[in-house]
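You will see two complexes here that share chain A, one where it goes with chain B and one where it goes with chain C.
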Partner chain A sequence: MIIELKDVNYIYDKDSTMSAVALNDINLQIKEGVFYALIGHTGSGKSTLIQHMNGLIRPTSGEVLYKGVSVRDRQMDMRELRSRVGLVFQYPEHQLFETTVYEDVAFGPKNLKLDREEIDTRVREALTLTGVDESLWQYSPFELSGGQKRRVAIAGVLAMKPELLILDEPTAGLDPAGRNDLLNVLKRLHDTEGMTMILVSHSMEDVAGYAERLIVMNKGHIEYEDTPSEVFRHADRLREMGLSVPQVTDVLARLKAAGWPVDDGVITVSGAADEIVRALKEKRQDPQI
Partner chain B sequence: MKDRMTLGQYYQADSVLHRMDPRVKLTGTIIYIAALFLAKDLWGYLLATVFLIAVIALSKVPVRFMLKGMRSIAFLIILTVVFNLFMTPGEEILRFWKLHITREGLILAVSMAVRLTYLIVGSNIMTLTTTPNNLTDGMESLLSPLKVLHAPVHEVAMMMSIALRFIPILMEETDKIMKAQMARGASFDEGNLIERAKSMVPLLVPLFVSAFRRAGDLALAMEARGYRGGDNRTRMKPLHYAGRDYAGYAVLAALLAAAIVLRTVSIPLPF
Partner chain C sequence: MGLIKTEKLIHEYIKRDENGDEIGCIRAVDGVDMDVERGQFISILGSNGSGKSTFASHLNAILFPTEGSVWVDGKDTKDPANVWDVRETAGMVFQNPDNQIIGQIVEEDVGFGPENMGIPTKEIWERVEESLKAVGMWEYRKHSPGRLSGGQKQRVSIAGVIAMHPKCIVFDEPTAMLDPSGRREVIRAARALNDVEKVTIILITHYMDEVIYSDKVFVMDKGKIVMSGTPGEIFMQRDKLKEYKLDVPQVTSLAYELRDRGIDVPADVLSPEELIKSLNTIYST
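Entry: the complex of A and B
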């Protein structure tokens, strides 16, 4: 277990009239090697939650544990924690500042006071992993396209070699092709490097095919924490929270409601096709259904 | 970050002061400052104190919230006090090592500290109870006679309201970029002065880039909607005086008159 949150509460602007409860009794365990997706409507507390995981925000009450040690603990080295729990913010390209792509990615490792060779290896590795072509490494990051900038920014966090990588809406503002490319990069990182991943999104469609577990947030608390197919069974409840289910799941749910013997826990298009074919065959054998 | 920056921010509440016309509040701030500088003895400061306390009570803004904003100014006040305390020549009342405190210095230091604090708290109340838009509307209206002299009053007011509007946005942006760089192991409060200045680069470069991008976007959006300056432009919310505003002006006139009277006649202190 990398991160554990115990009874975490967080209140914004505690002293002002505009104070708002952002997190409400959060209990959550993030286990090694799992690909999570954190889903919730705008303002449901997703961003606040993930900032607790690398100590950028301290809980108003409750505990955040990294490998069993409280983030509040004096022995906890914040810089170390932040290198182990990599956090990529929304529109990460807005944080680029160095003169070259290479230097920008090296910013994180330099802060970790690593030696020159190690920094070089990490920068090369990170840029290769995110698919930034070597011909661009000496360019100014401000000259790149939106999608490339974002890859550079993500590489900047990857170069810290985190065990857990958290990305807040990494595909926001990208075109569909760029979106798929990026999600595939993340999937590869999880599959080949064994990296634990938390993908924050408000779109079910985006994450359904990638995540192993879904964490659904609503108004500051965790509503579900389960496999995608289990979560999507609660289509009505999800809609109440302003979330949608993937189109195929919706189709299957309607077929089921119309009396067809299909499993509405399927989340991919190919899976849904198989399910419909199976149901059709079953129906042919037994016209009673 | 946000905690330290109460100065110049609007505090949402429903009070007479919040509903008051911004022109009254602007004039009031100027008169209050004038009264503060007219004060020459305890009576003058007493007058300002009474006025300030009354206004704070009317504003419904928690005092705690106001004092938070003072923290950033504390250094300036302390510096002023120290300089006045030790550098004023006069009758010596205390001496240690090479420093000596004079009676005149003590009085000057205390009155300077009071003046500065009152000045800041007073003008703070105006920004705390008036939205930036309202404030610049009021300013534009008060300065409109200068249009006769071809002063670009509307343009200046528009620039001010945009600048004020951008403060919270840029603060939020600063907060975000700081956090993003902290997530990459940056630290903004370590090392000596040079190291700290250097550590600001990863914060300031993205902030400037973002400010320029926003400015460009805004200019484009304004042009696209046909903005072409102040001529013949009507307002969505024209300013109108209400009963409370005339009452406000009356109180302000009384304040100014009292301050002038206290300046010219000297009433002996009761102790």
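Entry: the complex of A and C
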């Protein structure tokens, strides 16, 4: 287990008249090597939650533990924590500032006081992993396209060699091809490098395609923490919370409600096609269904 | 001539060095002809860098053509005398909800546009009420915009534009930063404006499922229009869309796959409702 939150509460502006409870009684375990997705309506507490995981925010009450050690502990090395838990905010290209792509990615490792060779190795690895071609490394980051800038920004975090990578809506503003490319990069990092992932997203289809476990937040609480299949069975409840389900799951849920023998926990296009084909065959053999 | 017309529209971004000398040039819009009739709901799809936002910015005279022309309600946008008329006719809603709101209170923000148009005070308040009701935000009129959700802020931005009674509203990726319910709210507001008030809508988006209600869809790539047609016609051409780095709504993908397996659903299914209807018909035959 990498991160554990125990009875965490967070209140913004606690002692003022504008105080607002952002996190309410959060208990959560983030296990190593798992690909999580975090969904929730705007204002549900997602950003507040993820900022607790790398110690940017400290809880009002409760404990945040990194590998069993409290984030508040004097022995906790915050720099170490933040290189192990990488956090990529929304529109990460807004963080780019260096004169070249290479220098921007090198910034983090330089701050870790690593030697030149090690920095170079890390920068090369990170840019290669995110698919930024070497021909672009000496360009100014601001000359790149939006999608390319985004990859450079993510490479900057990867160069810190995090064990846990948290990304807040990494596909926001990207076109369909850009979204797929980026999500495939993340999948590769998870599958081949064993990185633990937390993907904050508003796209139910993306979440269904990539995540092993889904955390659903609602008004500062965790409402569900389960596989996407199981979570997406609760279509009505999800809609009440301002969310939705993948379109194909919606189709299956409605067919099921109309009496078709289909499983509404299926979340992919080919899975849904399987269900419908099978159900039609069954119905043809036994019109009583 | 339709409400919005463009002819051989070209827009080039000139790159200059510190001395102001030209060192490069990007042709973002490369000869676009478009004619939008009054009352239509049209969508423009395109990958990042296709030129769609640059194109949209010509419609309310934020950008001016390098070559070619744009007419809004018959007025040439290149003529400086027409700028304010153009901007009254065609309003614009942008992607980032936080960048468009300036009032401290919702109703003040909505009144800002009409106030600048020199409309009498009594009428301003009437318009504010009518616009906020149109987007379902009237009960928030005394609220501070900073505390609203993304979808609510976008609706306030839309109200601010409606209050100027434009004949046309251009939405430039209005839902990119919103959660699913926020996205639904904004698209619902746009459709209501079109259905009920007959406002011409031009929607620019990446989300395939948002364009299914359009009268017509245009696909842009490298500054040109490369596909045009009804949503059904466009989404039947999945392979071509993928070439242009786009896709089809997930439910349309499901229809494709079912057809591949011999189930005779229509190829131009756009919504879960349509697919279910057709499956039920197949079952009962």
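One rule holds in what follows: the second predicted complex is superposed on the first by the 289 of 289 C-alpha atoms of A that agree within 3 Å, B and C clash if a C-alpha of one lies under 4 Å from a C-alpha of the other, contacts with A are read in each partner's own complex, and residues count from 1 in each chain.
In this section, a contact is a pair of C-beta atoms (placed from the backbone, for glycine too) under 8 Å apart; a residue touches a chain by one contact, two chains touch by 3 or more.
Being a predicted model, the structure only gives us computed values, none of them experimental.
Look at chain A after the overlay: chain B and chain C fit there side by side. In the superposition on chain A, no contact is made by A:G220 with either chain B or chain C. Judged by the touch definition given at the top, the superposed model places A:S244 against chain C, while chain B stays out of reach.
Legend: residue contacts after superposition of the two complexes on their common chain; A:G173 is shown touching chain C, with no touch to chain B. When the two complexes are overlaid on their common chain A, residue A:P228 makes contact with neither chain B nor chain C.
In the superposition on chain A, A:G45 contacts neither chain B nor chain C.
In the superposed model, A:P59 makes contact with neither chain B nor chain C. With both structures placed on the common chain, the touch criterion links A:L112 to chain B but leaves chain C unconnected.
When both complexes are overlaid on chain A, the residue A:P141 reaches neither chain B nor chain C.
With both complexes placed on chain A, chain A has more residues touched by C than by the other of chain B and chain C. Note on the composite model: angle chain B-chain A-chain C, taken at the C-alpha centres, equals 70°, rounded to the nearest 10. No C-alpha atom of chain B lies closer than 5 Å to one of chain C in the superposed arrangement.
Listed in rising order, the residues of chain B touching chain A in the complex are 11-13, 62, 64-65, 173, 176-177, 179-187, 201-202, 205-206, 209-210.
By the touch rule above, chain A contacts chain C in their complex via residues 40-43, 145-147, 172-178, 202, 204-205, 242-244, 246-248, 250-251, 254-255, 258, 260, 269-270, 272-273, 276-277, 280, 283. Only residues 46-49, 95, 149-151, 173, 176-183, 206, 208-209, 242, 245-247, 249-251, 253-254, 257-258, 261, 263, 272, 275-276, 279-280, 282-283 of chain C touch chain A when the two sit together in their complex. Here chain A touches chain B in the complex through residues 15-18, 51, 54, 56, 79, 82-83, 86-89, 92, 94-97, 107-108, 111-112, 142, 156-157, 160, going by the rule given at the top.
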